[in-house]
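Each of the two complexes below includes chain A, the first together with chain B, the second together with chain C.
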Partner chain A sequence: MEFEYGNFKVSFKYGMEYLHVTAKITFIALFFGVVIGLVVAVVRHYKIPVISQILTVFVTLYQGLPVMVALLIYNLLFSFYIADIIRILHLNVQVRDVDNIVVAYFTLSLAAITSISETFRGAFVSVEKTQYEAGHAVGLSKLQTLRRIIIPQMIPVAIPGLINNMVGTIKGTSLVMTIGVMEVMNASLIPCSRTYSFLEGYVAAALIYWTFTLVLETIARVFEKRTKCYRENITN
Partner chain B sequence: MIEIKNIKKSFGKNEVLKDVSLKVDKGEVVVLLGPSGSGKTTLLRCINFLEKADEGTLTIGEDTVELHKISNKDKRKLRGKTGFVFQNYGLFKNKTAIQNITEGLIVGRKIPKAEAIKKAEEVLEWVGMSDKRDYYPSKLSGGQQQRIGIARAVALDPDVILFDEPTSALDPELVGEILGVIKKVADKGITMIVVTHEMAFAQDVADKVVFMDGGVVVEEGKPSDVFYHPKEERTRQFLSRILPEEPDYYI
Partner chain C sequence: MKNIFSWDRLWKVIPQLNPYIGVSFRIVLSGLVFGTLLGLAVAVLRIKKILIINQILSVYISFMRGTSMLVQLMIIYYGLPLLLKGTIGVDINSWDKLMFVKATFILNEGAFLGELFRAAIESVPAEQREAGYSINLTGPQVFFRIVLPQAVKTAIPAYGVDVIGMFHNTSIAFTLGVIDLVGRAKTIGIGTGHLIEAYVYVAFIYIIVSIILKLLFYLLDRKFTFGTEGTVH
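Now for the complex of A and B:
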């Protein structure tokens, strides 16, 4: 098998053109993952009746569902019901104009929410019980204690896990090619159907993902280092 | 001033408090004594609602509440009248010494920031920790942390301060200085309930000693009475183990 550098370059160029799509899916998924994941973790940590049990069952079951399978199911449902959804919500769009990238956003966000909520939940456990009690004892409400004492102590602990979640999400975005969303993976393979240079296409995609992950991870590590002093303050 | 009536508390099948009542007058220093598992810490925690009692009423000043069906609003109201000093200090690890003190004043009590800082600086000075103002708890020794813990409770101007074994986690050589600070609090005339194993301190500072065992109050009275003329056999047994006595033998 030969490696045609020219074809590789073409694939790389195509892939890079769609990096912004991969980035967008990643950031949207991480945004919802962190925000909703935190809420899920809080609800489960405080054992808020009924909701917490429902979420526990949901997270446990959902963790066992591969992203690929979820994508295919949602995409199928999406394409089947999109006309009805547009009609019911009186949206002013045509069915053919709707991009199924929203399925990608939805699926990866949900996956990020479940995994990030588990990261946060682990970090919650690291905060001692006395910290809650001390908050209540000086007259803070439950919410004030959570916001001002517990969350600031648990975030630095959660950061290494969150970086891990971030990397997982970036890799997960490559799966959305299965539902036809044009992103790095899919775009890198565009020239291949003409030239049969699939190896070059795959390697080009790999290189883009690798670089993208490396850049984000480096930024995150800098942030992790910056919060090191907080971690030291709270773990000793 | 503070009255606890018929408080009961179980953890599962383990009945920790079996109908305990206690009355503390204004300005009084009460020391709770007893072996581990006697329920003294649980009693203290029930007064501050850190533990939810199964039964009983609590009166602080004018307010009386039923402990097992207290609303969150009443909880906060009554908590506002109490300060709590923890065995393992319980300082907020993400806050500096002074922030530990101002947190409750600014966020809990809604006191203006400048005023809260002034107040905090005063109490820091009072416990001799002004130079550690901006240190995080992790950079302070146990004794220093407990000083801040006491300062935090005092700064809130509570009607009563509850001390839960405040010196148990300390190095033996630091115990004396912390007891000294607690004595200073007592000298201010603040009502206090102290759980401790420090007999000399109890004898020196307490107005009343309450001896608990097995979830009930066995005996209470003046320290000199309880220590040297205990009425109950169980008290005598307990004291004989901890009060220094003439040794039975010499080497």
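Now for the complex of A and C:
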């Protein structure tokens, strides 16, 4: 047994065909992560009573749960309850047509929300208190201060953390293979079960993930440089 | 709808799962000990910037950071026996699967901790080193007595996050067929037809241990806040 370049090429081609699935899971998770994560961070930063405490407990506990275990649990619950959900919502679909990729969206989004909200919370602290007071002094409302003064200054601080969250989410998408969603990892292994060339399949998948991560990271770094203009006194 | 969750089954599952917590800890421990050593070596080599070695190490770190641990685990499981047989003629196909998991964790942690240590060592101001040389300390003395204690202090919070991440990553070991917490939960599920209770207990263990680890590192971090009296943050 040795490394067969031909098998590797076949696996690579199969994997590339499903790159869009991995990309879709990543972007959906990141989208919800950034939007809801920002809301969670704002609620916790302003210490809105009750909701803030509930979110603190939830985020603290949920960060202790590995994505893998969460994925297995949600997938199990999904297979138990999917028939009921369809019946209750009167959806016009058959149980066998429902793809469990929605479990992947859900799990990774939730994981992204908790980790990204922590990133944003850290970034909020980096903006000095005087900035809030300045916003208040010129008669801006709390929401206006947040949107026009605080968030633009907090973004450059948050971006390095967000890049880490993004890399983490991309890595998380490969776990989805264990619940049988067809994405880069599973697709790269399609030809392997016939030829027993699992090493080649996994190396192909690794190369695709590596490139995908590097490309997204490079784009994010360019973005990071451009947002620095909102915050000139940044110290790091 | 049948009753999918029952407390009775949960209580029954706990003693069956408890012995397997140790498996995860053993993986974390070997990853921690050897990963830290490897990480230190990587950090020192990277700081010295030796030609070629530096480039090889940056590719290694980029790969470990850019791909998921699941892929790395599989590549090491299928690739390491091939590599060792081809180069030094040692057959490790009969190794326990746990060994491959540990090898993956060590290699992965070597990269992550290497970058972490490098950042921490480089964060020590150059004046500190110069001060050491000015009172006639040798190179190793400066490193071990002046740079390292200060670097450790900066590294601790990130190190804690890394250890918790490593503990979370042990949950992928079951994909190789290692019987750890998740693996045992799966076998219980196959035996009894009830998976959810076992999974819930596994999730509970992961959450509790993560929080304990977080607390420990928080206390450790507080203990290491020496030398900051009178300085402005």
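FYI, the second predicted complex is superposed on the first by the 230 of 236 C-alpha atoms of A that agree within 3 Å, B and C clash if a C-alpha of one lies under 4 Å from a C-alpha of the other, contacts with A are read in each partner's own complex, and residues count from 1 in each chain.
The rule we apply is simple: a contact is a pair of C-beta atoms (placed from the backbone, for glycine too) under 8 Å apart; a residue touches a chain by one contact, two chains touch by 3 or more.
None of the values given here were measured: they were computed from a predicted structure.
With chain A as the common reference, the superposed partners chain B and chain C fit together side by side. Legend: residue contacts after superposition of the two complexes on their common chain; A:153 is shown touching chain B, with no touch to chain C. For the three-chain arrangement built by superposition, the Cα-centre angle with chain A at its corner and chain B and chain C at its ends equals 100°, in steps of 10. Residue contacts after overlaying the shared chain place A:171 against chain C, while chain B stays out of touching range. When the shared chain is aligned, chain B comes close enough to touch A:134, but chain C does not. Chain A has more of its residues touched by C than by the other of chain B and chain C. In the superposed pair of complexes, A:144 makes contact with chain B only, with no contact to chain C.
Put simply, chain B and chain C get as close as 16 Å, counting only Cα atoms, in the superposed view. Shared interface residues of chain A, touching chain B in one complex and chain C in the other, do not exist.
For chain B in complex with chain A, the touching residues are 48-50, 72, 76, 79-80, 82-84, 86, 88, 90-95, 103-104, 107-109, 136-139, 152-153, 156. Against chain C, in their complex, chain A makes its touches with residues 1-3, 60-61, 63-70, 72-73, 76-77, 80, 84, 167, 170-175, 177-178, 185, 198-199, 202-203, 205-206, 209-210, 213-214, 217. Chain A contributes residues 130-131, 133-142, 144, 148-149, 152-153, 230, 232-236 to its touches with chain B in the complex. On chain C, the positions that touch chain A within their shared complex are 1, 4, 62-63, 65-72, 74-75, 78-79, 82, 86, 164, 168-169, 171-172, 175, 182, 195-196, 199-200, 202-203, 206-211, 214.
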